[in-house]
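Okay, so subunit A shows up in both of these, paired with subunit B first and subunit C after.
So, the complex of A and B:
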């Protein structure tokens, strides 16, 4: 009997701990869901008096859709350009004795270690001088700073993990370096490239600081839209936007969960 | 042929390095130089005098919040990862990865609604009867709200980093400890923690810097009155006053605060 009680106690403790974990993770997020359907909610009621999808209908027919499309367009551009730039550079850094290699690697590490906001504020001044302020290309460029820094490291790691012997065999048979890269290394690197491009895409979709500083007031992506709604106390609109903003990340989390390694995710620990 | 190949790699390297140089390093240096210039362009230390007069308290406030959130994250993270390493629990491990992919602004907004005086947390606690809603305590718009939000967001990264370090400790050490009767907590504190101390130090440094530099979370749940996080001060100084000199001086102070961390981080990463 005593043993049984101990087992029961342990099971209860385990369930209590799980409940606590669920509360810690979903408590803050649940307020988004509740606010998104609150049509009437006066204090001091613990839950909304009237619940419905009124605000969902209103939001989905509003400027939000434009922000959503714009965000996807920018993220696609950022991802494409970042891949185009960093795949060859990552390969070169992984395989060749590049001149000033350690300096270059350092160049792509430092931005991760310093506060971005003061730098981006000055970058905004520079972009305005070239008439790129408050334009889509300007926002794409500022997103690329963050994504390039991240992608160069990841691409280098991806190519380093591919055994060099296969490429040596191709070179011994007379293939040029470029051909070896295109026909041997590149196809083998595809899984790594796909995973990191998804992360770059998500980074661009979620980026706030740079978009606010460079894009305002004309380039309004979803995070900036949500910020404006929240600051204007349109809590339903902001909460619905917040929920929509979470979807891509949650999909990615489920897709990539097994491959998540801390060193690949440094970008998401930041602003 | 050789020359053609070099040209190929060079073509891709130029825009990559170029964008980072022009849009990160140039503005970085520009902000450092700008902090020593008056509005008319003369060399001066006035900006720093202004920062010392107006923002000393805010800098201390920022360091305080970052330290406090880091303490929460490490305390929960170490115990949780110890449990996950010794017993394993895939569901809990998965749940703690969620905050990683919740965007910062969403965390800011969610916490703002959750922790507000009449927010979900208070009304839940009031149901149990612990507080009265007539005079509710407010966590949002205070240092505690910012700390809780930062800790929540950073917890995922902490779990990934700490659990990674704990997993690299070989099972035989834990078996040895178990043979001497050590429970999960003893195994965590006496075996796992000391053996992954250096990885933990790097993780702490990373999180501390990112908390110091946090912008969107304090922007959304920080109070309008009283002390502010330094990044908010930088932002307001620029958008409301157009005062780049003082904003840059404050920026340089934030670089210096982060640089201890940066040097440490660079040394450990490049050593690998």
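So, the complex of A and C:
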């Protein structure tokens, strides 16, 4: 009997813990969900008086879809350009005694050392000077300020995790450095490259401060769209946007978990 | 068959001398084992020959042709790495074919040579033609990966085959077998082969000639028998097999050495400390009171411990303050004993410096 009681107690505690965790995760989200279907909701009622899909219809018929598309387009561009930069740089940092290695790493980290807002505000001034303000290329560039940092660290770690003998074996058989990179290092780095591009893609999709400062008023991505909506006290629209914004994030994070090896992260700061 | 020659080759890493004025000639078509403790420079030697390390000074020649300045791609060496370094994203076939494709060998010949190389290392029967084209290295056992790595190196018909501790990742049983196979294989292809190892038994059993290295220097070169029977320094004697090392005091005046409480006559031009070396299996135990005849050295000692080591009983005998090992087929019940060693088996090396 005693044993049974103990087991039951433990099971109860487990369920209570699970409930608490679910509440912490989904509590705030549930309010988003409720707001998204609230057509009429006056104080002091605990739940909306009138529930319906009116706002969903309005949102899906509005500019939101364009913002979503734009966000995906920008994120794709940012990811592609970031990878084009960071794959070679990461490889060089991982394999060669690059001159001023720490200086290069610092250069990438520097924008993160200062508060984001002044950095972006100054960048905005600069970009406007080159007629890049409120343009898609301008927003792509400002996203890359942040994405390059993640990507360089991860790519360096990825290439470091590939045993150098793998490449030496190819060189030993007569392969040139470039051929070795293309046939050995690059294919072996694919999981890491996928992981890093997912991170960058998500970062770009969710980036807000820089996008608002550089992109407004013409380049409106989903986070900016949501901000505008909530500024107009349209909590329903803001909630729907937030829910939509969560979908790619969750999908990509599930993918990320498959590709991002713990050893890449453990290399952070050791390069 | 290519003759490999190193002439006064040196390489330092900062203050650490990895290779120090190494001069070495390797017989064409022979299997040479480079033996030494970790950090003795043997891997640096191998990587210098492969071209992965740029030496500071000296020359490396293949058949008289100076290759010192050549990049690794142009040296025509093939290396088998300690961790095999097989490419996990390619099939066994693609791994072996890689070197041939680089050399732009026609496709039909690539196929034939890859299969020949895999046949040579006896992998065709294990994997089947199907398996060779579909299996990837991580799916193979350590011993099988080893064979594929060998095939990948042999298929390009290199001038020099370099083996970097290729057996150290295998378990003892597999290692014994692969060791025999490497020797058999090398005798068949007759490619000049350098086999780096820290395992003295492996070096002695596999090689035509053994190079013993320590602290970046070549200490002794010779056939396995020579190295084992006539070590020319205390280091080699100690490193090869279960040897006992005692410290003695040389005396030039009466041409003797005092060691373990006795005096031995010994022709010496040096004065001071010397090491006295004899092998555990060349000594025997006798009763304390026994009369011992012949040209032998006799130490008085006390048996402290007896261990069964499989092939023999190993007795740990205290002579003065030093402990020596004596192997015999039977466990000795004695406590106070005589340790008897034939005089010609006792080697004396004056300590340098």
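Heads up, the rule we're going with is that the second predicted complex is superposed on the first by the 245 of 271 C-alpha atoms of A that agree within 3 Å, B and C clash if a C-alpha of one lies under 4 Å from a C-alpha of the other, contacts with A are read in each partner's own complex, and residues count from 1 in each chain.
The rule is short, and it goes like this: a contact is a pair of C-beta atoms (placed from the backbone, for glycine too) under 8 Å apart; a residue touches a chain by one contact, two chains touch by 3 or more.
Only a predicted model underlies this, so the values are computations on that prediction, with no experimental measurement involved.
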{"item": "Clash-or-fit label for the pair subunit B, subunit C on subunit A", "value": "fit"}
{"item": "First (subunit B), second (subunit C), both or neither touched by A:150", "value": "neither"}
{"item": "Which superposed partner A:176 touches (first subunit B, second subunit C, both, neither)", "value": "both"}
{"item": "Contacts of A:188 with subunit B and subunit C, given as first, second, both or neither", "value": "second"}
{"item": "First, second, both or neither for A:30, with subunit B first and subunit C second", "value": "first"}
{"item": "Subunit B versus subunit C as contact partner of A:201, first or second or both or neither", "value": "neither"}
{"item": "Which of subunit B and subunit C A:166 touches, first, second, both or neither", "value": "second"}
{"item": "Three-chain overlay, closest Cα atoms of subunit B and subunit C, distance in Å", "value": "11"}
{"item": "Subunit B and subunit C contact sites that coincide on subunit A, given as residue numbers", "value": "176"}
{"item": "Touching residues (chain side subunit C, partner subunit A) in the complex", "value": "50, 52, 72-74, 77-79, 81-83, 85-89, 98-99, 102-103, 152, 156"}
{"item": "Of all residues in subunit A, those that touch subunit B in their complex", "value": "18, 21-22, 24-25, 27-32, 34-35, 43-44, 46, 84-89, 92, 96, 102, 104-111, 113-123, 125-127, 141-142, 144-145, 148-149, 152, 176-178, 202, 206, 208-209, 223, 226-227, 230-231, 235, 238-239, 242, 245-246, 249-250, 252-253, 257, 260-262, 265-266, 268-271"}
{"item": "Contact footprint of subunit A on subunit B as seen in their complex", "value": "1, 5, 8-9, 12-13, 15-17, 19-28, 30-31, 34, 91-92, 94-114, 118-121, 123-124, 126-127, 133, 152, 154, 157, 160-161, 164, 203, 206-207, 209-210, 212-216, 219-220, 231, 234-235, 238, 244, 247-248, 250-252, 254-255, 258-259, 261-262, 265-266, 269-270"}
{"item": "Subunit A residues within the subunit C interface of the complex", "value": "163, 165-166, 168-176, 179, 183-184, 187-188"}
